[in-house]
Every structure is written in C-alpha cells, then in structure tokens.
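One chain, chain A, appears in both complexes that follow, with chain B as partner in the first and chain C in the second.
== the complex of A and B ==
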C-alpha cells in the first residue's frame, strides 16, 4: 500500500537539518491540506483521500462478503429499514451517494416496484366493470412503466466499487431506472434541485470534509427533499459498548485477513467508526447545512443510526 | 348585560385553563446558525435584512422555478438574529406541515388517508413528494389534522350563532334543537370524505393515536355543551358529556353505512337519540320519586302487617 511508501519519507525529511528542506516539507504539508484523521493516525486531507480510495479499491471485490461476515448479515436488515423509512412512491428520484455496490439502489427498485403493483391492482379493483381493452391497457402500463418513472442514480468516487456494482446489477437482473455515475460526494456532478431523496449509507464516514458533502446534499435536493444517512454511530450502553469494541478490534481485522486478505483495510474501518462524530454531533452538522426537522433513529442500540433531514 | 359580561369572562378563563392547542404553535424553533431556507415563506416581504454568509447568495436570486407555486417570489431566506430565534416573519415548520396536510385533504377521496395523499398534497405546494416523510407512515397526522380543523370550524360556527343571539338578531334555540343542529353541522363536514371515513376511524383507534383522538373528541363535546348553555356544577356535567359523546359516536357509525339521499336516516336517528336523552333526564327524576314512594309504601305495609299479626303489641 502507498501508505507504507509515504511513511518513512516524512520522518526522513523532518530529521534533515537544512531549513530549506524543512520549509519545503511544510509547504507540501500545507498544499496537501489541513491535518485530519485516517483511522487513529493523523494525516493530511489529500493523503486521507488517497488512502481511502486505495482501501476501497482493495476491498471492492469482497465488499459484500465481508459485510455479511462482519455484521452477521444484520446489515441487510439495517438497509431494509432505511428504505422502509424512506417509503418511496413511484416517481421518486433517488441519488445514492457512496452507493458503491448498489445495495440501497436495488432495495429502492424492489420497493417501488411492489408499491406500483399494488397501486395498479387497487386501480383495477376500484373500477369494477372494465372493458377488456381497459384491462389489457393497465397490464401494458405495468409492463412499460413497472417503476412508474422512478429513477436511482448510484454515485461513487471509486471506479472499482462501481464496477462491482454494475456486475451485480447485471447478475441480479436490474436494468431499468438505474444509472451509475462516478463522482465525489464533496462535489457532486449534478444540477441544483434535482433529486427527491439523497441517501448515503455507510459512506459519509469516508468523506474527508463532511460539511462539504452535506452542503452538496442540500444543493442537489429539491425543495421538500429528504436527506437520509445510515452510518455507524456511538453505542450508549456501556456493557454493549465493551462487547462491541472487543468484537471490532479483535474479530473484524482477523476476518478481513482471512476472507479478503487485507488486515489493514479492516483495521482502518473499525478505527474510522470510532473517530466518527456521535449522533447528536452529526445531527447538528446536518442542521448547520440547512436541513430542517433533523432527527435520528438508533438501530441495534446505537451501533448504527439513521439520520434524516428535510430541505424546507 | 352583567350576565353576558360574566359569561364572556368565564369563557375566556375556561379557554385559558384548557390550554388550547393554539399555544403549541408558538414554540420557538431551536437555535440555528445563519442559513437559508428554500421553502419556509415569509409572512411579510417588506423587511429586508442583510445576509451575511455566502451559502445564502445562491438563494438570493432563486433559480428559475419550474413549478408555479403559491409562494411569493423574490428572496426567500430565513435566518436567525443574535438571540438565535428565528425571525418571526417566517413560518415555522409546524405551519408548513399544516399547509401540507390541508393541501393533502383534497387527495384523500382518491388515495385514502395515507402517506400517498400527503405526498400528493406536498407536490401541489411545489415540494417534492419526499416531504411526506415528515409525517407518520400510516396517515394518522392527516386524520388528526382534519378532525381538529373540523372542530375549529364547529367552534367558530357556534360562536357566530351565539353572537347573533346576543345581538338579538335571532331567537335562542331550545336545547334539543341546538344540540341537534350542532351535531348535524359537525357530521356534515365528514360528507366529502365519507367513503374513506371508516379507514380513518380505525386508524384513530390505534393505541398510539387514542390519546390525541380522545382529546379532540372530548374537547369538541365540551365546546358544544358549553355553547348550549350547560352550567351544571355537579355530577351532571359528566353524565351530560358522556351521553352526548355516545350520541355522536353512534350517529357517526350510522352515517357511515347510510345510503339514503342526503343522509336523512342519519338525521332522523340523531333526532330520536336526542329526544331519548332529553326524556332520560325526566325519567331519572321520576325513577327517584317513584323509588321514594315505593319505599314508603313498603314501610307502611310492613307496619300494617305487624299490627295485624299482633307483633306490635306490648304485653
């Protein structure tokens, strides 16, 4: 990993007595951006972005398998709860940022499809005496617009994750209403006031400037649009917190090594969870970006939290 | 004159004591840093206060709004002053929610009391359908909003009527007529939604909704009896309200399955029930006096028998 390459270079520069060298190092540090954290290390912002890109490049292939083994499959329930909370109706435009392998997008499509089917069924039930023509027209409508104009755009900064996502979509048979875009959450390649719902599931932790990402979220949402963030958060129960810490630091990196052959990435993962702001702080950050009616819901007693805000 | 003044004072005191829902709307929103709001509209466009930070610049000249909406054009930014409270020019989130729910009511006959109706309502206001996420998924807020709106309309109606009577323009109605008219007026407000009303009633009976729906029901009945001139201070206060609540609920149920033109059957049912209630008052008094008479008769009979059998004599 590049982290190892950069590591020894920096202390080497610092030890040189030449003032010019020290100045150059300082200048490079300033150019790379203010200090931030990467797991429990302190790095510059530029470095952090690079490192995170590499983490996900490495884990992309085994991302879904690792998710299942780390959370014992519970992550599926969390994502289901997120989409259920969203309660999208046909015609909703969703942007799933840091959507990577497409979990939220696929669930969204399933949900909208079933809502649409129910809608059409109820329409049929209400008009008791329809002619055969009308009945066949409604079946056609179901085939032509199974999603009722809903669309989901999956946006991710990492090409590998998008590649894996597209393969999955093909494998599972999702083609309609789905598009894949390469983009940075801090600078989305979309126009203002475009989307009904913005979701970011287990992604905002990896964004270097969370405030920028929130501002971008505000920008691309339509008035009345909803911001939903699913992310690991702080556990309040002290006993559970101890068990959770034990599991995180002892079991997860080992699983990472066994299943994905990558200890460091999963070490980063659990460290980044600890460095992420707790529920109330994230709520305040979301409010600062301009969202109203900001609220959060703890899942699994705080291991994961869903934050929701509206652009009003 | 003095009685009228005393009456109005009592009403004012009664309202204050009850702590009406109107006070709830005046909650100040929490402290907020300077930011811009895209939708919460200004009540008055005159005051133009200087905007400080750059994020608000983009809202100064709003991008071409594709949907024609009812909101005033021009800068729509809200911000907080030094004290951290939102400038009183702007509507609060609660008011926006009320607007959305009111707009959603016209979609109820089609979609029922559901989140879809709320989403459609939000769309007519120029908001995205996702704004329906602000409310509970089962549509309870929509129903409660509707019920409280109806109750407010009824109160206003009754107050108007009372003013008319006080000004001497109309005669004061006899109690049973008054109650009948009040209940009929209230039930008529359900007519546009009568098809989906059973669904609404079932949602109102859900455990988490019972406190609010019961509250609304009891305050409505209280209102009606107050304007009917009920000044009882004994147990009658409770009996009267319980009886009237019973009448209202049963009439509502009858109305839901009534198919006669203009719900004639329902109004006739209502008339009969109110007549019953009036009679019940008299019957109660009769029962009491009959009971007393009966007790006295029994005592007399007992004394007579003891006299006849000679048990009373002292030897």
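== the complex of A and C ==
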C-alpha cells in the first residue's frame, strides 16, 4: 500500500536568508508582473485577481449569513446610511459596482419607491378638486411607473455572486428597474457619461488596481454625477482599535469555519481590511481620479467610512 | 520583545503605525520593496500565531481553539450531518487524548510501524477490485461491502487542520480513516443508531472528548424503541468490547485484508455483536 502520509515535520514558510529571498523575489517579479498583496501575502497582480475570484466563488452562498454574523447585523445600518446619503430621486440611474448579492440595489429601489409614493400623494393632496378621471389617471401612473424611471445596474466580476443576487431578487420580489451585468470594475462595460450615481460598497478593497477603478468610475458618470464608496477603514481610537483587531483576527475566521466551512477566505477578509488605505489616503486617490468636493464620513468610529465625490 | 510576548500569549499584535497597513504603493500596484517583504512575513507570523507545520495546517491561538471547540460543538448538535464540524471539534479538544494515543502506538510494534510508514486509506491507494474478489467474511470483502451498502467513501474524511503537531495530525487522520473499518468490525451500519454505538466504542478506546460528546449527545435524536435497544444491549456491549480490546490504532489493517473478520475480532478483543437489528 502506498505510504503517502504527511511529510516530515518541516515548516512550509521558513524564513529564507535575505539574499536568496531577494533573488527569488526578483525572479518572481520578472515572471509574473508587478507585485501586490493578497491579505498579508505577496502575490502578482494576476494571481491576486484569481485568488479573490475564488474567495468570492466560495463564499457566495453564505455571503449574507456571514455578513450578519460578523457585523452582528450592523452592516444593514451602514448600507441604509449610504442610500440615505445618496438620497436618490425618481429617475436616477445608478450603477452599483461589485454589487454582488444586491444589498445596495434593493435598498435603492425601496427608497426610490417610497419617494415616488410620497410624490404622488403630495400631488393628490395639492389638487383637492380633482375629477374622478384625473384621480384614476394618477393611480394608473403610480402602477405603471412605481419607480419613476429610476434604474439600477448591478455590476460584479463574479458569476457566483451575481447568481446569488438574482436568486435573492426573485425571492424578495424585485424585478423592475433592476439589471445584472458581469463586469470588471477596472474596465467597466459601459459607455462614458452614463450614470447619475456610482456606488461601490465593500468592493473596492478587493479591486487590484484601485486607481483604474476610480478612473472608470469617473468615466461612466455623467457630469454632475456622484461617486459613493462604502468601505472598511482605519479606526483612530486606540482602545477600540485593539478590541477590533482582537475580534477580527480571533473571532471572524472562526465564524467563517463554523458557518461557511471556510477559514481561509475570512482570514483573507480581515487581512485585506488591514491592507486597505486609510481615509485620507483614499480621499487623495479619489481626487487624483478627477473628482471634486471629495469628502468622507466615518461610521462606527472609523470601522467603516463613506467617501463621496462629484464629477463636475 | 512585545512581539515575543504576544506570540507566546497567542494573541495577534498588529502594529498601529500609519505607514503600516494600506500603503498607497500596494493599492496602485507598484513593485514591492525588499523591506516590505520582511515586514510582511513578520506580520503574518504574528497574526497567525505560528507557521503551518503540514499541508492544510492552520495555526490557531488558544482563544481561537476555544471558540472553534464551542462553535463546532453547537454546529454539530444542530446539524449532525456536518462532518466537518465534528472533525473540528475532535481536533480542537484532542490535546490530551491524542498524545496518549500516539504513545500507545509508539509502544506497540505494529503501531510503531504505522507511525513510521504513515499509510493512508484512500480510494486511490485501495485496490477495490482485488478486495471485492476476496472470499466473503474476510476483512477486505466485508469492508468493501460496507462501503457499497452504505454508499460511503473513504475519501470524504476531512484532513486535519487545527492540530499543532504534525505527528498528532497523522494520528487523528488515521483515527478518521479507520472509523469505517470500525463499522465493519462492529457490524454497525451508518444510520444514527449505528454511529452512536461506534462512538461509544471509540470513546472507551481513544478517550477523545469528541467521541465522548458524540456518544453522550448522539442518542437525543433517537426514538424510544431505539434508545431501549441502545441502552440495554448495544452500549453495554460496546463498552465491554472497548475495554477488552487492544488499541484499534495499533492494527495495520492494510496488511490484513485477507484475514477473516471473526479472527480479527478475536485478535483485537472485540466481543461478538448482539443479535439485534440496527
């Protein structure tokens, strides 16, 4: 019988001597393109894109359950705040990039729907002396255009995430004003000057070339359009930061293993949060892409931040 | 120095320097400097609490192990079909039982050989055709019959992830792979009742907390009739056999396919199973 057991005890990631490491690093760099990070590992850009694709392919089914467990449901509040900040009016055209399972898109639709309802109610109230025909016509209007021509395009690079998103939409009863597009944030499949609002919620951290994604965001927005980014950021309060680190590194991978059977993807998640640029740096990057009036709002003491900018 | 202390405590200590995480260069895809690589490895070591010791090893801090043990116990209770949770529970709670099992193996000639040669029971290493061709009543034939009747495969065993010693990881892996052979030797099918009986036997044999918990909590999902059979006939037999038998990990099963099940039972010390339908 083949005795292919576990090999002799040898640490797989032993520290190599400096010179050899430098040589290997150079060889790797030449072979595989510019180096970047995957969590706390060093990888090439292409490798990083593949690894991230696999992470989200693995977690797609349990994505929403995990979000609720890890943030104790608080992620819903963060996303609500984002859409309230956006304050979309009926007729807005939104592209939600890395929108995966549709959280932002569904909130957008709900918001616009309620704004529209209120609009129609106000209109009715103002004209107290309407004839029956006019009243029934306004009901028709409400039925035909419940969203008032608003539309949201959910764009994601990962097929599994889009699949889960579509299933959720069907389950929750969202159909109108919603479309699903497979696309890469670094190279969007849309024309210039198309959208009123561009959002990317908990997605930009997973983009390999953030500068390219920001340039694309600028390109596809109409003049006057708004860029909104919701992402994990740096906590300034030192005590909270320690607790947050402890929770992130000790509890979250354990939750990943228990709930999703996948430790490594959630280890990647917490590492990638640490590697992401802090608030001010991201603000500068957004300004570099050409946006004006760039500002950010910290949520939960900086665990999460919303960055906003305008294309003028 | 603080880093060493943190590593000993098993708690990650991340530097809170502004220049540390999230360098602009990384996000913009610039090639990394050597100095960055060095910091990378250090941070990784601190964050994970150690280096991986074998393929698939995930080093964990004591706190993480405790959380994993509690979480996997709850998950396995809620859904007994989550074998991965049972596996994790076994790994995180086995810190006392596994070394004693390993020592039992070391002090026995056949067990010692197993530890040296590290055989693995997998479909790729088993010659299924040959085993099927063996006469009825031999270990090989009955094992294959068990696999086919219950529609299980030896390849679905989870590899060890959270055991922090490479040899102990093999011991628990061997225990998992030998589990199906236990079913064969005890004559128990893979339904809930059969699994509980095997767990009782294994609990007495190995002392693994996961087996003890499984033996204690497994029966909650059984109806009254099955519980009665379990309590009056099967469990006493399983405990007696477990006590009487020599260590089941000290048998090189791969070299005994031709041996008859009855003679192997006698050799190990497993008492004949009671005549009940499980």
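Observations on the model:
In this section, the second predicted complex is superposed on the first by the 280 of 312 C-alpha atoms of A that agree within 3 Å, B and C clash if a C-alpha of one lies under 4 Å from a C-alpha of the other, contacts with A are read in each partner's own complex, and residues count from 1 in each chain.
Simple rule for what comes next: contacts are C-beta pairs under 8 Å (C-beta built on N, C-alpha and C of every residue); 3 or more make two chains touch, one makes a residue touch a chain.
Source: prediction; values computed, not measured.
When the shared chain is aligned, chain B comes close enough to touch A:193, but chain C does not. Applying the stated contact rule after C-alpha superposition, one finds that A:293 touches chain B and leaves chain C untouched.
By the touch criterion defined above, A:312 lies against chain B but remains apart from chain C after alignment on the C-alpha atoms of chain A. When the two structures are aligned on the shared chain, A:92 is found in touch with chain B, with no touch to chain C. By the touch criterion stated above, A:176 is placed in contact with neither chain B nor chain C. When the two complexes are overlaid, the chain among chain B and chain C that reaches more residues of chain A is C. In the superposed model, A:211 lies in contact with chain C only, and not with chain B. Of the two partner chains placed by the overlay, only chain C lies in contact with A:274; chain B stays clear of it. Taken together, the two structures place no residue of chain A in contact with chain B in one case and with chain C in the other. Listing the residues of chain A that touch chain C in their complex gives 1-9, 11-15, 18, 21-22, 25, 29, 34-37, 40-42, 45, 208-211, 234, 238, 241, 245-246, 249-251, 253-255, 257-259, 261, 263-264, 267, 271, 274-278, 281, 285.
Chain contact summary for the complex, chain C toward chain A: residues 11-12, 14, 16, 18, 21-24, 26-32, 34, 37, 40-41, 43-44, 47-48, 51-55, 58, 61, 63-64, 67-68, 71-72, 74-75, 84-85, 88, 117-120, 124-126, 161, 166-167, 169-170, 173, 254-255. Within the complex formed with chain B, the chain A residues making contact are 85-89, 91-92, 192-193, 196-197, 215, 219, 221-226, 287-290, 292-293, 308, 310-312.
In the complex of the two chains, the chain B residues touching chain A come out as 32-33, 35-40, 55, 58, 63, 93, 96, 115-116, 119, 122, 125-134, 137.
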